[in-house]
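Structures are listed in the sections that come next.
You will see two complexes here that share chain A, one where it goes with chain B and one where it goes with chain C.
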Partner chain A sequence: MAETTSGARTFLDSLLAGAEAGSDALKTLRARALERANALSVPTTRHEEWRFTDLTPLSRMAFRQATAGAALDASAIAHWTVPEAATRLVFVDGHFSVALSSIVSVDGVRVERLADAFATGNAVLASHLGQIAGFEHDPFVAANTARLADGVLVHATRNAFAAQPIHCLFVSTQADVVQQARVLVVAEDGASVTILEDHVATHDGAYCVNAVVEIDVGANARVRHVKLQRDGKKAFHLATTAARVARDGTYSNLAVTLGARLSRNNVHVLQGGTGTHFELDGLALIDGRQLADTRTFVDHAQPHGTSRQLHKCVVGGGAHAVFNGRILVREDAQKTDSTQESRNLLLSEKAHVDTKPQLEIFADDVKCAHGAAVGQLEAEEVFYLMSRGLSESVSRSLLTYGFAADIVGRIGIPSIVRQLDAAVVERTGGQEIA
Partner chain B sequence: MSAVLQNLIDQPYKHGFVTDIESDVVPKGLNESVIRSISARKNEPEWLLEFRLTAYRHWLTMTEPTWPNVTYPPIDFQDISYYSAPKPKKKLASMDEVDPELLRTFEKLGVPMHEQAALAGVAVDVIFDSVSVTTTYKKKLADVGVIFCSFSEAVHEHPELIRKYLGSVVPAGDNFYAALNSAVFTDGSFCFIPKGVKCPMELSTYFRINTQESGQFERTLIVAEEGASVSYLEGCTAPQFDTNQLHAAVVELVALDRASIKYSTVQNWYAGDENGVGGIYNFVTKRGLCQGVDSKISWTQVETGSAITWKYPSCVLLGDNSVGEFYSVALTNHLQQADTGTKMVHIGKNTRSTIISKGISAGRSNNSYRGLVKIAASAHGARNFSQCDSMLIGDRCSASTFPYIQVQNNGAKVEHEATTSKIGEDQLFYFASRGIDPEEAVSMIINGFVKDVFTQLPMEFAVEAGRLLGLKLEGSVG
Partner chain C sequence: MSESTGKVLLDVRNLSATVAGVQILKGIDFTVRAGEVHAIMGPNGSGKSTFSKVLAGHPSYEVTGGEVEFDGQDLLALPAEVRARAGFFLSFQYPVEVPGVANSQFLRLAYNTVMGGRGREELDPLEFDDYVREKLQLLEMDPAFLERSVNTGFSGGEKKRNEILQMALLEPTLAFLDETDSGLDIDALRIVAHGVNSLRASGNAIVLVTHYQRLLNYIVPDFVHVMDGGRLVKTGGKELALELEARGYDWIGREAA
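Then we have the complex of A and B:
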């Protein structure tokens, strides 16, 4: 990341403004990240990893750090609450809201604010925070780490089991601000937790979210991570999720991208032991002038790993979907079994897709396959539905809905599935089929 | 199993020898005066010298590409001799006059000229170290109006055609190596099929690198006019040297309305020894332009040689309903590296393309498929199907796929599939249970793996390609 443009630099500076005090270890981490953030520059389309996503619009914005705004009324977030999740941590413009949050304790699963964990000197932080999501080469992760002050810590001790999802709700109420979001999940051996990461906004203005989620999955542990990106249509969303999975652990990531003018979702999954299982699913449902860029990196560094990935994009209007799925099978990662599918549906003439499923294999005894397809709805399928008496627009909506519902159905949290179903129906052609 | 396989894949290079023919070599180094000297030796017109100098000046501003998935020590472009021609240079009228040493060379390769010439309908334009030595069947081709000659001959005899089409598909400044080639290219082949003519025979060229440390910069230009069709064969073998040799060729194909061009390659340059010493750097730019409606360009390649292969035979599908095809087998062994694939650029309406790529990596080699399928906003009804399969033999080799799919038209349909596999114990067991020994089983499995591509090769080449895979992987391919 060599080149710098002054506008882009200004944007990075706004990300870095005003770091806060904390423990010595935290200060050291922040200082290291700050050093990297200052050394790195905002990538341009000349960087292979950012070839299709131009960050110029972002560097033209003059963002400031979000300050704690006016208290938000519980009714304002009522329609985003998830009845299945008793534990809810709400961050308004990046600041924790005590009034809106509720933490219900479950045996062995400790959920707290990162700020509290810093204050009590939680040992988990020293061994995990900033160590799973590397910031050496990523200016946004570096900036997030340099500004690290608060966030969510989920710590599941050995064999602990949380039946209910833990809802992390990040609400934006102010325009022209940058808000950071940070989550650390540590699931010790045999533990099982579900995290619901949810980004929403109460306004239509432009703002920027810079989110970093770190997940450590212990041996035989299971972490399920559902990410809903429902930011405003003028928002910028930059996010990195990094997971490290120990022997026989399972990590599943399901990301739904509906909002933001420009979004970039990096998912990096590292196999830290043998016999792990990864599931990565994605749905981007975009239109207008939206750009949704998903970049996943599955690192099979150990033998006997399996991974399953299905990424779908439904692109309408003049929107642009980007998918880059990299699967690396390292030298000794024998018996790896990995599949990846990228499916893209173009709904309009101006919509376009850039997809690059990428396999790099250095071991011979592996099964790897990937596939990509781009197209529009099959005329025959539309005709079939019309022959059953549906209008053309309803037929198209129904088929598009079916295409997207496949991913939504995998979420497994009924109220979220209902909410997303409604959103998908709205996007694919209104109420006619509802 | 690994011992058997190891035995099979460690076949030495059987085509390694140096033919002792006196060569006329330009001093090492690259500057404007070297280019002027090459141009003067070839007695070229002013416009061609200008083309070379423009390319050279552009080349000076460019940097060597680093994005391919290959590693090699930096190339000293000043340490290469950019021109060598075998002596004597007098024109030859018949096969009998060809240097007997040269004829013996071809005999060692298993394709004696006499036999080649006798093979029904094959004309061989033999390129021996950059200069055309002899051309057969020229008269028969001339009768139907097909021009098939060396590039330098074409420059003098058909300057208007060369001027019109040279650089029209691969511009002089297209990429680093294409620019280098445009500046210093020595010879190559030119082929022109006039309107409505179906070329009566397969055209073939033999490329050889002979003089030690002389890079070879071939230039091939094939033009098929309206309704014309041609099948062109290119085969490569090279003798064994210790120093690396640079090969930066440019191939341009132009297909006008309803024309069709089939271009087949079997490449077996010297790949270096098992420790990666020596071998050819094969940095080639090949591109075809389907300029007219209903035109078709088909690339078939069998890449078995070279220390490093870096080539992406491409099709620009400009004319409506035009068709592009790419069939490839890339085999790497020992420390060979290959970063190869294709680019299909759909611009016209209802354009179609098919990509079938089979990569086999063995030893400690590195085999990458890198491809681009681009559907421009104008390409309504465009269709692409890609299939990239890799086979790994041994646990120290690698196979990578980098398919870029860019779609800007919602009426297009693009499909891409890739798989990776190995020769399984269960497969070998199945063969064994039928009384087939492992060697033959491997040969049959490999043959099955590459079958989709080999069926695209012209008869003569299918035989030679089978022999090449045999040399590389097994004692004999069944």
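Then we have the complex of A and C:
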């Protein structure tokens, strides 16, 4: 167990403690990442990219690396299981749980622990791992990579099709620890997979998740990625998802943020060929003292790309939501068709949203639309419901519920939609409307 | 004009109202008895929707004078939702979209709230589904509309049918239909008019706000009123609508002057 003192550097050190042995290639990758992690510092609000998100509370925490905790009973995770997903990989405090996981093989889709893939020397690792989510400038991705020992590998070979989602469940059972999460998805040409990345906790203490997901979408392949961040109320959640999409490929990312005292979700999508399609949907439903920061970067680097983004925040109490949506249309990216909408609902006087669409367009023949709205419920909407006999409070709850449920409804996994629906009803004061 | 004998449902006396500090309604007198159909016509911006919304209890409009009695109660003293429960219904000129809320969920909530308030039995989702399907048939609406979000992405005509579906469910004593016919093709108009007619009874009444005489061929009014500049400036029988269609509104101003 590493010694802990306070301070930003110490926090990074706690992320870096105790790297394990592995193949030479992996050792080299880790060593490079470690070098970067040591050179980089935890960003402060003086960094433009972290202007609204103060990591000082994180630096004040004294976290240690999570050790494998006591075995978790299957009943402890029963309410997070997803009947639609036969394949489930469960990590408890960052450690793979053989007992709770089950892998059902599907033709052409290989799902395994990264630790096993390292041991057998799976060739896709050498060509992908650590190469989609850059760690040169990001201390958290660097630390995750420097400490890389396990995680999930999903490898769908050419034209393979997995109808069921693959559930990656990251459970926290211990307070005062940091836990890493790592996922690599490689969908070869024409393949189709759905990944459900799910972060939960069995306790309400403070802990920190540092997650990195890398996704490679081949030509004409489809990857759907649903991320649920339902960490505990005192958790810190730092995450980067990076996707690279080849010609005619589709990547869709739907991220729901419910948990954590402080969360930062970076999503970086790179167009690697013509005719790609991106969908980015986001919902942050927060209250109390929560801070939820989402930063997306859509990089249209090739012609004929389309992207559709809708990010919604429902902010109550004294919570604070941040959205920074950067869309870069490079000079060669002619015929890009991109939309981005940021819609935010403030439920209280002290709730706060900072939203910043950031369009950078260098091509001349493109269609880009974006908009941002922050406000309360429209008087007209409330009146419409009241004119049908609903009380003002029920009307407001129903509208708030609908605002959030609109995103939840897009998830397309019925049991998850039901679970989240219940959470949304609860958060929007909706016992009365259920 | 037919001889009216039904009891007075709505009695508006010298009603005036402002929105955002601007005087829109300037002294309206208007009486509706059970069993009657009234039509209110008038140029754009004359205050027809404002009148409807003031009666329905829209909080953005401030009543600055006058009285309104509805079914024996002081209507203006009641909040909007109580007016709905008491039997007042407004079919919106521009129905509001509510993304994320299934139409079936909304309709059932409205039904149970209003009917529960009237001492009728509340329906669970399955019972309600059976019940609402009958009403859908009346309006020749596809049951798929139940699963979709309230009015979201509905065409103009579909939104208007959804309004009348709500009317059919809530069984109002007095329904104001604000331009329910606008944007309907002739088939849809017939269907909607048939639906409205089938809801008529000796104990209730309907006020049609419209620009088109066409609707009045299907739902025949007992009285036609003209609103102009926030006042009802002329009242006549159903033949007035034909005259308005032929001559426009200008002559009324001259006549009144």
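Criterion: the second predicted complex is superposed on the first by the 427 of 434 C-alpha atoms of A that agree within 3 Å, B and C clash if a C-alpha of one lies under 4 Å from a C-alpha of the other, contacts with A are read in each partner's own complex, and residues count from 1 in each chain.
Here is the rule we go by: a residue touches a chain if its C-beta (ideal position, glycine included) is under 8 Å from a C-beta of that chain, and two chains touch if they have at least 3 such contacts.
If you're wondering where the values come from, they're calculated on a predicted model, not measured in any experiment.
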{"item": "Chain B versus chain C as contact partner of A:374, first or second or both or neither", "value": "first"}
{"item": "Chain B versus chain C as contact partner of A:356, first or second or both or neither", "value": "first"}
{"item": "Partner chain(s) touched by A:391 [first = chain B, second = chain C, both, neither]", "value": "second"}
{"item": "First, second, both or neither for A:383, with chain B first and chain C second", "value": "second"}
{"item": "First (chain B), second (chain C), both or neither touched by A:348", "value": "first"}
{"item": "Chain B versus chain C as contact partner of A:331, first or second or both or neither", "value": "first"}
{"item": "Partner chain(s) touched by A:403 [first = chain B, second = chain C, both, neither]", "value": "second"}
{"item": "Dominant contact partner of chain A by residue count, chain C or chain B", "value": "B"}
{"item": "Interface residues of chain A shared between complexes with chain B and chain C", "value": "none"}
{"item": "Residues of chain A defined as touching chain C within the complex", "value": "378-381, 383-392, 394-395, 398-399, 401-409, 433"}
{"item": "Residues of chain B touching chain A in the complex", "value": "67, 375, 377, 390, 392-422"}
{"item": "List of chain A residues in touch with chain B within their complex", "value": "48, 331-332, 334, 344, 346-376"}
{"item": "Touching residues on chain C, where the partner in the complex is chain A", "value": "53, 56-60, 79-81, 83-85, 89-90, 92, 95-96, 98-101, 105-106, 109-110, 113-114, 117, 149-150, 166, 170"}
